[in-house]
């Protein structure tokens, strides 16, 4: 795969929905430790809805697929993750205009999405949020774009970076979101939002590698 | 998990169906996530809406009615409503003079409400938001998501509801709500964790003889775990945290709520209130009004929260004004 | 045992101290075991008194006030008041027109109340007793102590309270109470056992996934143990037991209470009410009025009871009449 | 000991209070199985109060001691056991008029008390109540009186009969009191009131044997 087209975007959403469904209980359990235990249910509800919403969508490019996914998450998820993931994907999707998106297009789109997320939630890397997984993932995509890496490899690098970023949230003290209420007790647990972000990037690698 | 339910997934809609059956004076729209007065928006009155995750009943749907809310937006259990939910609430409340939207300070609630407010304004509706953030258990709040909104929500809803009912304008009602919030402080303690239906097990394990101090209302663990002590000692600690941060001074009057989290017997709440009254007496604070009971719950959690609101100019007549809702009723 | 208390021994007196602090409109006399209206007996009105063991709050002390009780007699936890306690209640209520004493049908309550009534009559006071025995879970009741008094107590107290307030005489108020009792049936189910403070541990062990069916309000085991099932099935069984025995027929109206036992979240009670309403609809019974909440509790027990009272001539206006008590308030 | 005087009556009350105090938790546990778990606390409260009440009582015979004990139980215990035990002892005490009571006097007095209890509570032997312990105890006293047995032996026989009677409640289904609500589930447990009655008779044997 050298670029994302409509079908690949839809496949991404479907794969992400599958991955989150399979890991929903795990995500909720992570959230129970430092939050309110609903992150898996929330993401599952949103992505299951999004998968159905984009399934029959007539779109001549990946942009509308991501926009639709983002909008579905906004209107189905609620909580913190709904607006954040919704904004991420809606903003990214709006940036993708052609029938196909190369690695550089995708990197730029997700950077825009990430910036919107950071503006909305005021989280910086290190605050123990989904930004900690998304930020290195976008950086990895940008680096791959600069080097002309094909999508499959770029997505693989992004997934690995996201997983590493999620893992790196374990020793951090949360400064944003519900986990921040726990103060020092938030240390020692993986952030559920970072974990779900890693799942999303891993799903992208999975469908891009085909 | 032992609960009266049909399936974990239908818990919320089944509970809302029961609410509808019990209260024909409410219009319950489970699909769009709105509970509103059946009689519709009140001509010439500023609308008052509050919303948030479910599982805190009677908050908010139990406070819809004359002298209090026009509409409540119940989200999924412990999950902020989506923007469409908040928007549907605003639309159910708006009678042309604008709507005050009361939002508890949680990342999700704030973001979804903000999106709803923008959508509403796109449709030409005026919305003022009042953010509630009274929980002093969150200490280093300036670097984080800030303080949580808990018990003070009831005070804001009651007093703003009365102000709207007497005809106050949009900005005035919102400003009053902000003053009530600024005058209020809360602190909560849990004896047990609650069980979210879809999770099927308690949010955390709490050994016999230990309590969570500084818990929120979403089943999250508290600031720290301590040995269970006497009610007098626990209340002493809660009151110290509240009074250290509160504008209350000796000679002041306060409205006090001792709130059960859903699984706490009323007799224990009265016992706690007795201890609160003792501390207030010692500190020279007069309890002008009080509420003792379940108002802002966390499903089946055993625990309680204490909220003190300093009485300021104009608060008491609005507190005493008639209210006729499922969960709060007087003067009517 | 995890509870908000100072010592198990001071639980009751500390809770009563809190009640007194929260409700200056009540006179709380912990020593003699009486909670009465602070304003004293009402000139020209028949007195209305109810009493029983503590641990069922808000019953009975939360129902003292305008339009309902004149006095309540709280005994030790789950232990009938002594005759002196009932007598003190009668004295606090009597305004010269006699006093109706509402007694739940338990061996201890009946005997202690009977002794009190005799002592009162020795002192020249007129006392009429109304025995409440609405619990259909007790099946072979003719050979035993008879049926227990549970949820219908609230109906009897409310309706007799309104009748006394409008000026009905001693026999009329008592007769009305007996009619309300005769028209009422209850059934209860427990998900967990309750813990009496001085005992320090739950009254019985109930494995996860099992419930006690046909429990009383004193932490005693029920008639049988069953697997936990859906709310719809549980309510179906409860309603069948009630309707089989009740005078209610298709076309009748009923006052319905879904009552929490102390540890049950309000949302679950509404869910249960939804199921009750469905069954009533199927049976052609119209729910004229309802109460959903904690009214007759068993300390921290998780569980609920359902009470149906057939609406008879004259009941509804008295139900709707003003009431102003800590736990029940409308029309004022 | 051939008869009960004031001192012995007071000693009985004190010994009964001690025995019930020591067994309070056991009695409450019996009550928890088929009732509401307060019988030990109830009896302890009543007898502790009675012991204090009779301690300084000026009485020239056992009668007033038992009357005072009964009245204290009525006004301190509540529940079912307060009126029942109160009536038992008050009625019995009223029957004892002299400075001393022999076995026959005691048997007649307790018979009168038992009859009052049965009238009040409508319980027959076999209903699984305290009557199941008291009834055989009174019969044993009556038999001893007929045979001229000394008090120490008579009380011993009464205690043994009460203990046997209490034990015999185990297989019965309760027909009176709170345990009757359990129906068949009341089978297999000792009745708490019968157990406390046996303690009272054993306390009498203890002080009479000295």
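We just call them A, B, C and D in the order they show up, numbering each chain from 1.
As a convention for this text, a contact is a pair of C-beta atoms (placed from the backbone, for glycine too) under 8 Å apart; a residue touches a chain by one contact, two chains touch by 3 or more.
Since the model is a prediction, treat every value here as computed from it, not as a measurement.
Asks: Take the average of all CA coordinates in subunit C, do the same for subunit D, and state the distance between these two points in whole angstrom.
Replies: Once rounded, the distance between the two centres reads 32 Å.
Asks: So what's the Cα centroid distance for subunit B and subunit D, whole Å?
Replies: Result: the chain centres lie 55 Å from each other.
Asks: When the C-alpha atoms of subunit A and subunit D are each averaged to a single point, how far apart are the two points in Å?
Replies: The separation of the two C-alpha centroids amounts to 76 Å.
Asks: At least two partner chains per residue is the criterion; list those residues in subunit D.
Replies: Not one residue in subunit D touches at least two other chains.
Asks: Quick one: which residues in subunit C touch 2 or more of the other chains?
Replies: In subunit C, no residue touches two or more other chains.
Asks: Chains as vertices, touching pairs as edges: which of line, ring, star, complete or other describes this one?
Replies: Topology of the interface graph: linear, an open chain of contacts.
Asks: Considering every pair of chains, which are in touch?
Replies: A-B, B-C, C-D
Asks: Under the stated contact criterion, what part of subunit B meets subunit C in this complex?
Replies: 2-7, 11, 14-22, 54-55, 57-58, 62, 191-192, 208-209, 211, 228, 230-232, 234, 262-275, 277, 287, 290, 292, 294, 297, 299-300, 302, 304, 329-332
Asks: Please give the residue numbers of subunit C that touch subunit D in the complex, ascending.
Replies: 53, 75-85, 106-108, 111-112, 115, 137-140, 143-145, 148, 196, 198-199, 203-204, 216, 218-221, 223-224
Asks: Contact residues on subunit D for subunit C in the complex?
Replies: Against subunit C, subunit D makes touches at 28, 32-38, 41-42, 45, 74-84, 120-121, 174-178, 180-183, 185.
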